[in-house]
């Protein structure tokens, strides 16, 4: 053959990168005087050893599915959306508006409203950078970073000066009415008689995330819009030749991306906190980058990468709880994963390619 | 607002603009050479940590400074490795470096000092003290000029003066020297530099190293001059404001000074006034805080003076596909 | 079961509020030889998970420092009816929760008097952390004290911010202190958590006096910190741990009378505190304890007779 | 020292200025150079010709140290000289003018000239010296350019002069020029050759890469021919003929004449009136084009590359915007608004085989079947429902087209980048022709395509014409235009210089038109 097969590029390269990242993380744990094996054990039992752990792992994974899909779809259009934080922040605002505006008779209706509003708010926050990129050529990476900060300031203002109920000290919105509270996995699985730990935050949003996976897959690989997004992402010039409008595609891709980021807030704001907090996004927008990189921008890959990060998050929380290893270990692992699967990709790919080339030649 | 208050705010502006200026000039070198750097924040953070940690351990702020520069250089080297040698995505590498710094500082800080990521407070020789310029005392009573000299110009730490001196120095280096010519060329068209017999890789690594050193200065200033010790996430987005200032300054040293002073002023004002009453409208502090970012977006949009980044910026130099 | 404590965002080494709580827990551990679980909050959204996890792990009682836990505790406590909780700085009305609040305005009143007495310029400063009624309560008590000691005193009040980040921004604290100094303040009271470290540092650098808060912070800059307003969070934690599973639910108000607040006097600030100062302050303290003097509590009606926020 | 005795000077005793021995170079799976050896005498002009992709640029880039050879050695003036980088090449006295200039656009001429050859760390001195040297060179070789002008403000011809000045400033004895005339007007090209001959007469050695046999015959002393990565022959120019060179280049007898019946033009399909187009820099590239094409007719556009042909195709194909009037079957087309894009053009019945298939015509990472739908992804037969595309239908269609057009290998799921150039072109042509458009735009249909495929593609174009469709053919290959077109329009500097019928004109006349000498004068 002499050429690197597709599966190697799609699976082997990220897997090797991941292993390198984890080995280095293990070294970091050793360096701070802890036992990496022990740490891994705690993480695994804490995150996967009980339905309680799974409840948290899935809760975090839900966030990362949304933000990972958001980054992935932008990647397909050749755009790097690092504004997930800001878009999810605005999505949270959408959820709060949806839940506080009208008295909803049932959670399902409230869910529908918050899905619509969070997506709309997130998309709106992505629209400005998208428009500036499409029409004015402003670098979308920089504008989305700026919009993250602007979103934080905006939410800060709203929570402190507008949405905070009288007499409450912390900057947060009022609690949402109980009717808007989403059923958690304990409740939902209970309907089918399956036991699941009570009090974990994993909730019905998980299924919204799974639907989003399927929807994104269908959009990218089955619709004309997806076809155009992929074409534009591969070659802007060719896209113009084919009559695909760069402005339109940039806008659509970013609007979908922003909407997906915004949807994340349904999980955190409505599914977990039941009120809008100052920083409910907590870096999930950035983790979306790692998830999309690892998942090779494919919804299936994104799903598994999100699970992995959900595991890391919950495992990391358990580590912080039961050992002296600070939770920041997860930040380091996350950094290494992004570094090796995203930026130092070629460090793995090039030698691998050579290996395949050599084995191909040798075989001939 | 009286004269004394204005002097005070400007004095505070100079202090707060200094880390921005150092980081902004740092970014200028890297980006002018065609290597985008959104990891200024991370390099500053790790430098702030390393210098505070070393200063706390040795009691010498100068050793702290060296440690800060060294730590920042390590991350700069990593960025170089990813974006120059392995031709990776420079933006992704920058994101990774920010996370790495944010995690490592707490991890190591907790391991060494057990103070939840903080370093011990620095005192005496472990900190950069303000320098009183000659005659500051005797000129002080002179109206207008006196306060300007003795309070605004005098009385800052050495790094403030270094940062300001770096502006003309950078302008000179960039536009008047061989290194500057090659650096700018490599950011515009690396193939031109390559075929002229100059190593693109060499120039870019040199630029990235300068970025590392300057971010080291910026970080050290934060933890050993502006504050007296390191606290987790103490850069708090300053690296991104510096990046914004760099764009605002259209990648030019003198403009960078102006942009950083403007952003420093905004910070000084937002610290002092929770909201500004303009009579017809109240400006909330959150707006003042977001203003640097808003201004940058406006500039990027090209409605007032378009900012054109170095043409080869963000692209790894690839000869053979 | 082991007791547990959760520290708020500043972390247990904030040299102030959380550290006081930590000291209380340590004191209990040293005296009883027992062990306890501890957790530091690292983000806003983690609160509920941390709380549940500790309760679930069997820790009892679970003590938490900071008003920000109030809302979460309200929803978590009913899920663990057999676990006892104690919250400091906030009232949560649940059958298994003990709420400990302090009369910070009383302690602040005393240090306000000291500030005015020590000031040469007649101008004293106050730097609060996050702008919430609780911190205004500090500032209001301080202003009342200052005005009581020197009716002509000017009190400059600043808040660091409106979000929890305001608890942890020493640079901003230092800038505010410098600004207040330029406005004439020569004694500055910092009620701002980790931000206060910057205030105390800047005051020491600039050669003026500062007043610490919560823990005894006199040692941070010996001879430069006039005093510290003590808030016996350590006592509250210590007591809660000692009561253990028998923790008595209800609201617990700790004021001067209960020794819940006070001011710090030790070898670090002894040279700064004159006998007249001490006499005046102690006299006021007695009056407050006896009820003869009532310091206005900002949180009772959101107004302050001595200051405008 | 006349040109005539140059070849006589190549005595075997004198060392060659350049000798390449056994050079090989692969880019991944592509073997660009295979065991190549040549020798170039000092003080001569040596030509290298070969088809697109033959490996000429690669070989020269290796000589200049831009690429590293996988095997082989370089001998300069009789000494084995390893050239691992351009610095070594410059030290060995080699200068190169690349096919794509290597200039910093927003630097001045002076800054570009001293870049990499500065004296000392501070610029002022280098700049002063360079200014003087440039003035001398300008006088000596008619190479004048404003030293303080920014490169982006210079014409292509002047930019090329800067490249030559760069080499001379570094005192190059050996000058390599890679397709220097591709972008030049004939007058500029003549000027260039005068300079090159002047340099040769000063004892410099020159290697000239070009596709144009005329230039080889007029300028060079010796010539090498490359084909598919190998060196097939080196001959003395005086002892060869264009016919022989062409045969060497392609590997068999050339000069194909397309078999076709005389055209029977019908009603007017395309009318273009006073069409004007500006590029992104605001330079006017089309300066009022008027032309018509009728049904059943092929209009060929001849001209040196860069005279507006690309812009003409782009505006007709909906890639660029313009002003003026375009009517298709009597209906006016939108030139600036919402309906000026490629989708609208396709809906109007215009198909477009673009000049650069790899950049425009195909998404190289897409599979063949995805590329078959490219631009036609809205076609009703490719849809399953209002929302979803029918990928199975597209795959089936792709298989059909691959069979009709003999695409090899006929695997719809293979990525476009994994087909050879000729087969890539067949995919594009199949996609566009099979739509049975009223007007077919074709740019450089056979660039880099082997002879078998050329014949096939030509036949398809003629068949479309015979089916009563209009064809606009743009090609820089005069032969192709002459044999395929029913009518020829020559473009120069954004204007149509004149129209001729193929059987009533000759290459000389067309060449004059292409050089901007108007029809009446010719």
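Lettered A, B, C and D in written order, each chain numbered from 1.
Going forward, a residue touches a chain if its C-beta (ideal position, glycine included) is under 8 Å from a C-beta of that chain, and two chains touch if they have at least 3 such contacts.
Chain identities (UniProt): A, B = Nucleoside ABC transporter membrane protein; D = Nucleoside ABC transporter ATP-binding protein.
Computed from a prediction, not measured in an experiment: that's the story for all the values here.
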A-C against B-D, pair bridged by the larger set of C-beta contacts: B-D
Chain centre separation in whole Å, for chain C relative to chain A (CA means): 39
CA centroid of chain A to CA centroid of chain D, Å: 46
Chain C and chain D, separation of their C-alpha mean positions in angstrom: 78
Multi-chain contact residues (two or more partners), chain C: 162
Overlap residues in chain A, where contacts from two or more other chains coincide: 156, 160
Per-residue multi-chain contacts in chain B, two or more chains: 117
Pairs of chains in contact (touch as defined earlier), listed by label: A-B, A-C, A-D, B-C, B-D
Chain A residues touching chain C - in the complex, by the definition given at the top: 52, 56, 156, 160, 167, 169-172, 175, 198-199, 201, 268, 272-275, 277-280, 282, 317, 320-321, 327
Interfacial residue positions of chain C with respect to chain B in the complex: 11-13, 40, 131, 158-159, 161-162, 165, 168-172, 174-176, 178-179, 182-183, 194, 197-198, 201, 205, 220
Complex interface listing, chain B residues touching chain C: 4-5, 8, 11-12, 15-16, 114-118, 121, 130, 222, 226-229, 231, 234, 236, 268, 271-272, 274, 285
Chain B contact footprint on chain D (complex, rising order): 27-28, 64, 66-67, 85-91, 96, 98, 102-107, 111-112, 114-118, 120-124, 126, 166
Chain C residues within the chain A interface of the complex: 39, 42-46, 48-50, 52-54, 56, 67-68, 70-71, 75, 79, 132-134, 162-164
